[in-house]
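Below are two complexes that have chain A in common, paired first with chain B and then with chain C.
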Partner chain A sequence: MALPLLLASSGELLSERAGVLNLSVEGMMLTGAFAGAVGADASGSAAVGVLTAVVAGLLFAALQALLSITLRADQIVTGITANALALGATTYGARLVFGDGAGAKTLPGLDPLAVPLLHEIPVLGPALFEQTLLGYLAFALALALALAFSRRRTAGLAVDAVGEDALSADRSGLPVTAIRYGTVLLTGVTSALAGAHLALSEVHAFSDNITGGIGYLAVVAVIAGRWRAWPTLLACLVFGLAQSLQFAAPALGLHLSAPLLVALPYVFALLAVSGLVGRSRAPSGLTVPFVRAS
Partner chain B sequence: MTAALEVSGLAKSYGGTVALDGVDLVVEAGTVHCVLGENGAGKSTLCHAVAGSLTPDAGTLRLYGQPYAPRRPADALAAGVAMVHQHFSLVSTLTVGENLRLLRLPGLAARIARVRETYGLELEPDAVVGQLPVGVRQRVEIVKALLRDPRLLVLDEPTGVLGPAETDALLETCRRIADAGHAVVLVTHKLGEAVRAGDAATVLRGGRVAGDGTTKDLSARRLVPLMIGRAAGDLDATLAGAVGLEDPEAVGPDAPGPDGLDDPGVLGLDDPAAVGLDDPAVVGPDPVVPGEVVPAAGPVRADDARTPQGAALRLREVTVRRADGAYALEDATLDVAFGEIVGVAGVEGNGQSELTAVLGGSLTPERGRVELDGRELTRALPAARTRAGLGVVPEDRHHEGCVPALSVAENLHLGRLREFRRFGVFLDRAALGRATEAALAEHDVRASGPFAPMASLSGGNQQKVVLARELALDPLKCLVAAQPTRGLDIGAVAAVHARIRAAAGRGAGVLVVSAELDELLTLCDRVVVAYRGRLLGPVDPRAADARERIGALMVGVEGERGAASGVGVGAGA
Partner chain C sequence: MSAPVTTTQPPSPPPPDPHPPRPAALDPTRLRLALRAAPRHPLAVAGLAALFALGVGMLLVLAAGAELATAWQALDEGMFGSPYAIGSSLNSAAVLALIAAGFTVAHRAGLVNVGGEGQLCAGGTAAAAVGLALPAGVPAALGVPLVLVAGFLAGAAWAGIAAWLRVRRGTSEVITTLLLNFIGIGLVSVAVHEEALLRQPVTSSETLPQSAPLPTGAQLPLIGGPESPATAVVPIAVLAVVVTGIVLRHTALGLRLRAVGHSPAASARLGLPVGRLEGGGLAVAGGLAGVAGAALVATAPYVLAEHFSSGYGFAGLVVGLLARGSLTAVAAASLLFGFLTSGGINLQLAAQVPASTVQIVQSVLVLSIAAAMLFTTRRPGSRR
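Our next item is the complex of A and B:
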């Protein structure tokens, strides 16, 4: 779970830094997973599936951007509504496309590629170095975004300025609206890839609500990471580790209650956002629409 | 000369409010062109139209002869028009250097060095903007505008937050920019500055051009009636101070001489003999003697029905530290007697905000004592302070002084709603409305009704409501008013000053914290100066050299000559 979470939150981090709270990242992931599944099923090729997922994610993100940036709708309301819509639409769509048979239809998926030598490292090896091509790509993309939009680079500064004080950014000559659109569309791409990864790399099938709240957890990871790239990455790993404990605990001989383990990432998330990980401060302009009129 | 900027027929209205109504203006290259006017005259709207922050409804702009129609600030910047915003265009969570890098200019370091060499403007690139004093932020804002080497620089009310020495340095910078061949538009409501620094001036009133000309032809005395639309003779010293005239005698009611300002010849603007630029009595640094000009400003002592002994407000060694460990207030000690008006002057960021916060109860000092009429209130909750008779008009009207989304009635009576109960639980809105209407009438507040939203009132009327609420305390032992007239037009300034004087006249001690030195000089019995968290002085505002002495204390020079120490913009920080 850590990889899709990381990918989704790397995009979410950018759009929140630019001042747009993309609560619909869950819906974007679900849309990406569904579109990826349909594309792969129809074409017989997982690569086409990934491409379909990206296109669908972009369209979904464009809708979210139009609502929250141009039409200045409440970002929390639009986000939750978009998620509900995505859940309903993909569940219904799955019935239409894959039928409502008991077993989910197996899709042409992506196969893991083991990195020679490295994957033999105990515990870490299989977790990190037995990913699919999409998995490695996802990890590289998350890293690239973190580096490209670091605060030390003008691009990262511009994103932060737009999220902190859009009016001043505008007066400094920055294209506020374009930057916000760009970050939301980017979130659409990363979230759709995350969804496609779930459906095509991990499960090789689409099931109802396949994302199961990972999108929401991505939003939480950004908060827990205090809107900084590396702490957010760390938060994703911790959440992912807590999740994988569900499967690893019996193997390790630990007898922990399963429901408790399911709840563990969310418990970590709650602790993180309640300030136990350090004081956090959201970008001043988060969820505040930009209006130039003075 | 070539025209750097030609504005013709510029009009803009917001909803039903007309901000600009057919404004024509020509700014020559190589000059400082002042735009004068009261609040609401349309000065800021004009600036924003030129800087691309808003699109006018009608009218055209030409920049160095070329048609110019910026649709966004980026267009204006690309065309070589930079603006120094009244409330800055800096991202306060970023450092100075990061803010400058946002401009994405090639050869940034060389540009910064050039601005430093040309104008003597120094920067601390690693300081976080939000932690800098306002005067220093202003300097960053100016450097930011100059980095692009603009052909036209627009400054919107740049001196409002500066001390005298910083203002001088800023006006000098404007002069140098103009001498370098660029054009400067300097927006201000202070006449003294315009006459001192400007080559030409345009006076706006109600969105129209009320008059224009070179500053040689337009003396301060002729500008005043243009700005306020009535004879300058109606001005008392306080109002003269509010428009930045340093010599109230030149326009005051007691002004001697045959060319009195009620003279229709002056108003008709055909009297070239009116006091000119070269007359030091108008623009020179000569000290004023406000106490003699305005007897009303004198102290009115408490009658003995109130506690005759002891101070209304007593501060002892009040010390506050900022998050970074620096002292915001250090051993601040002050007494305010009943019936006395004490002023706190100083460049912003020298502890005035913390002083008000300590008195209002939103900040607990590290050590020290606050007493009201002998009763300790150092750690008392705001409600306890109100009950004890301490009225506080906070610095930030919108965030601390009132709740803009609530009605005027609710704002006025929020702390006393229990007086308006029916059957013990319901609010008696009729009684609330009646009480509010009475208060609005008494304080001359213009609102559409007692239940009009606070946000629908103009700044001046909002401030009158806040003041009315604090003055309604019974007993009112002490009133603390922080920046009570900031952003208000001249009429509202006069009303607020009258109320403050009346409160002192009824025996309350009054502490006025203000960045406007002229306001303090005309209003107060004593003036102390906040400098790096300490309260220096006091200075008697009636003393002949009061202005110089306060100015010197504001930049931390205890001696006689503050201006001689060569301080630049922001040096007081």
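Our next item is the complex of A and C:
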């Protein structure tokens, strides 16, 4: 359960560090899930579905980047409205492509591949080593992003510089706009893959609003993780665990109200951002558009 | 949308500074020069954005395989075709206007209330609890105000959580109100699933997870003709918009809120109770959304059920974003969105065009206005 969350927030972390609060992760995931479902359905191959998801995620992210970086539109307004647009467009598209019984149609999905030996480790084994190919790819991508943009590397420092003080970064020769575009597009890719993972690896179908708020959790995980990779990972794991509790509770013999458990990750997220994890400081350039002083 | 024009501009000549030249689209002065001829007045921009959104809508209708004329007729029928259509459109518009008016109050204090949906859920739950606790023969003059006040208080308390976190711990209200939406939706689910809470007595396996109907004295009175479903929520919303308009524009309180919105630091220097003004603004926003939730519960079929909010909280937020701080715009946009929502339902029923077309058109409208704001001379309503 934590995997789509982890993947989406690994991109979002970069874009927020570069100063773009990408509230539209939810919309990007939804777009990815829908495009992945359509691609897989039309071609009969899940791999093509993943590819279409990435392309659609890039297009959606390009729109978001154009609005919030080049046109300097309010990032909160564009983020939330872009999510509404994605919800409307995918619901509309699902009616056209899949007809009214959208949720019922089974798609060519990805099957889990167990890693020999490792998947027999109790508890951890099934969680980590019985993923689909896309799942392993997601792990690898999230890890690669965290390492490549660590604060000990030039690339990571550049991203942080752009997010903290875009004007100074620009004066020292960093391509501010290009870096911001890059991080938003990257978020589009990771979020779309996360959405495709939901639709193709986990559910094997597309239903209206399939993401149901996971994208917002990804944004919150970054904030709760204080804009650092490892704490963000931890936040994703906690939220993901809270999510999977709604399926695991009956098996564990817990008789808790199901709707209560659905809301649980959001309660955790609220507690996390409201300071249980300690005071934090956002990148000072977050949501501030960059205008070069003339 | 005249933005793409600029991307074809040739690169600017090398500036005297050592930086390499940038593509013209990224250079704000050039952008402004190129768009000097473009309309600047916010109303003109809104008109262009509306035309663009309308064009998108027509494409979507065609893509769904419907005739434009059929679709237009269906939309018109759903909006103005009958007293029923007009009445339910007005009810929708009123609910949206309540939420958007609240959004504008918080916005004036520099806060963005993304939590309309959660506050609406809290208000609706409290309204149902109070309404069901009233005796069956309660007079409407007592029952209706009690239900609405319960909605206001619960909505304000729900927003109060975010306000408290914002003032005490400095947590961004955008994030907290957003999260409280999902928790509020969960709250309604829990309330209508548990018999110990608000679920109607379960008599068979087919008993729906919803509350029992509110007693007659707690139901909002109808105000239209015999066929119109328009309820007292319409005058309540008009009152709310007018009162907030007057308070924000013509009173000292309105000026203080605006001062805090412009600069919390300067306001604190002047001795304004910044935290109380911010928190109060957000609480009023939540309260009005809570009244909207109470009104939804106190309208036919007079029950609290899952999804009773029908996404009004998010739609009201979009209206608030679109209005950009103006209450006149709140009234206009609520009417537009309210009628479009009713029309959209009929669009699906009569012309087989997905109702989500309306949602897409609305989002495109807001996005294109947000995108075009760079080109208007002045930004109305600064956010912080």
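In the analysis below, the second predicted complex is superposed on the first by the 291 of 294 C-alpha atoms of A that agree within 3 Å, B and C clash if a C-alpha of one lies under 4 Å from a C-alpha of the other, contacts with A are read in each partner's own complex, and residues count from 1 in each chain.
One rule holds in what follows: contacts are C-beta pairs under 8 Å (C-beta built on N, C-alpha and C of every residue); 3 or more make two chains touch, one makes a residue touch a chain.
Because the structure is a prediction, the values reported are computed rather than measured.
Judged by the touch definition given at the top, the superposed model places A:42 against neither chain B nor chain C. In the superposed model, A:157 makes contact with chain B only, not with chain C.
Looking at the superposed arrangement, the partner reaching more residues of chain A, out of chain B and chain C, is C.
Looking at the shared chain after the overlay, A:292 reaches both chain B and chain C. Of the two partner chains, neither chain B nor chain C is touched by A:148. Once the two complexes are laid over each other on the shared chain, residue contacts for A:172 go to chain B alone; chain C is not touched.
In the superposition on chain A, A:284 makes contact with chain B only, not with chain C. Residues 170, 173, 292, 294 of chain A touch chain B in one complex and chain C in the other. Within the complex formed with chain A, the chain B residues making contact are 14, 44, 48, 51, 53-54, 72-74, 77-78, 83, 85, 88-94, 98-99, 101-104, 144. By the touch criterion given at the top, residues 3, 19, 22, 25-29, 60, 63-64, 112, 114, 165, 169, 171-172, 174-176, 178-180, 182-183, 185-187, 189-190, 193-194, 314, 317-318, 321, 354, 356-360, 362-364, 366-367, 370-374, 383 of chain C touch chain A in their complex. Note for the complex: chain A touches chain B at residues 151, 154, 157-158, 160-161, 164-165, 167-175, 284, 292-294. Chain contact summary for the complex, chain A toward chain C: residues 23, 66-67, 70-74, 76-78, 80-82, 84-85, 87-89, 91-92, 95-96, 170, 173, 177, 213, 216, 219-220, 223, 257-260, 262-263, 266-267, 269-270, 273-275, 291-292, 294.
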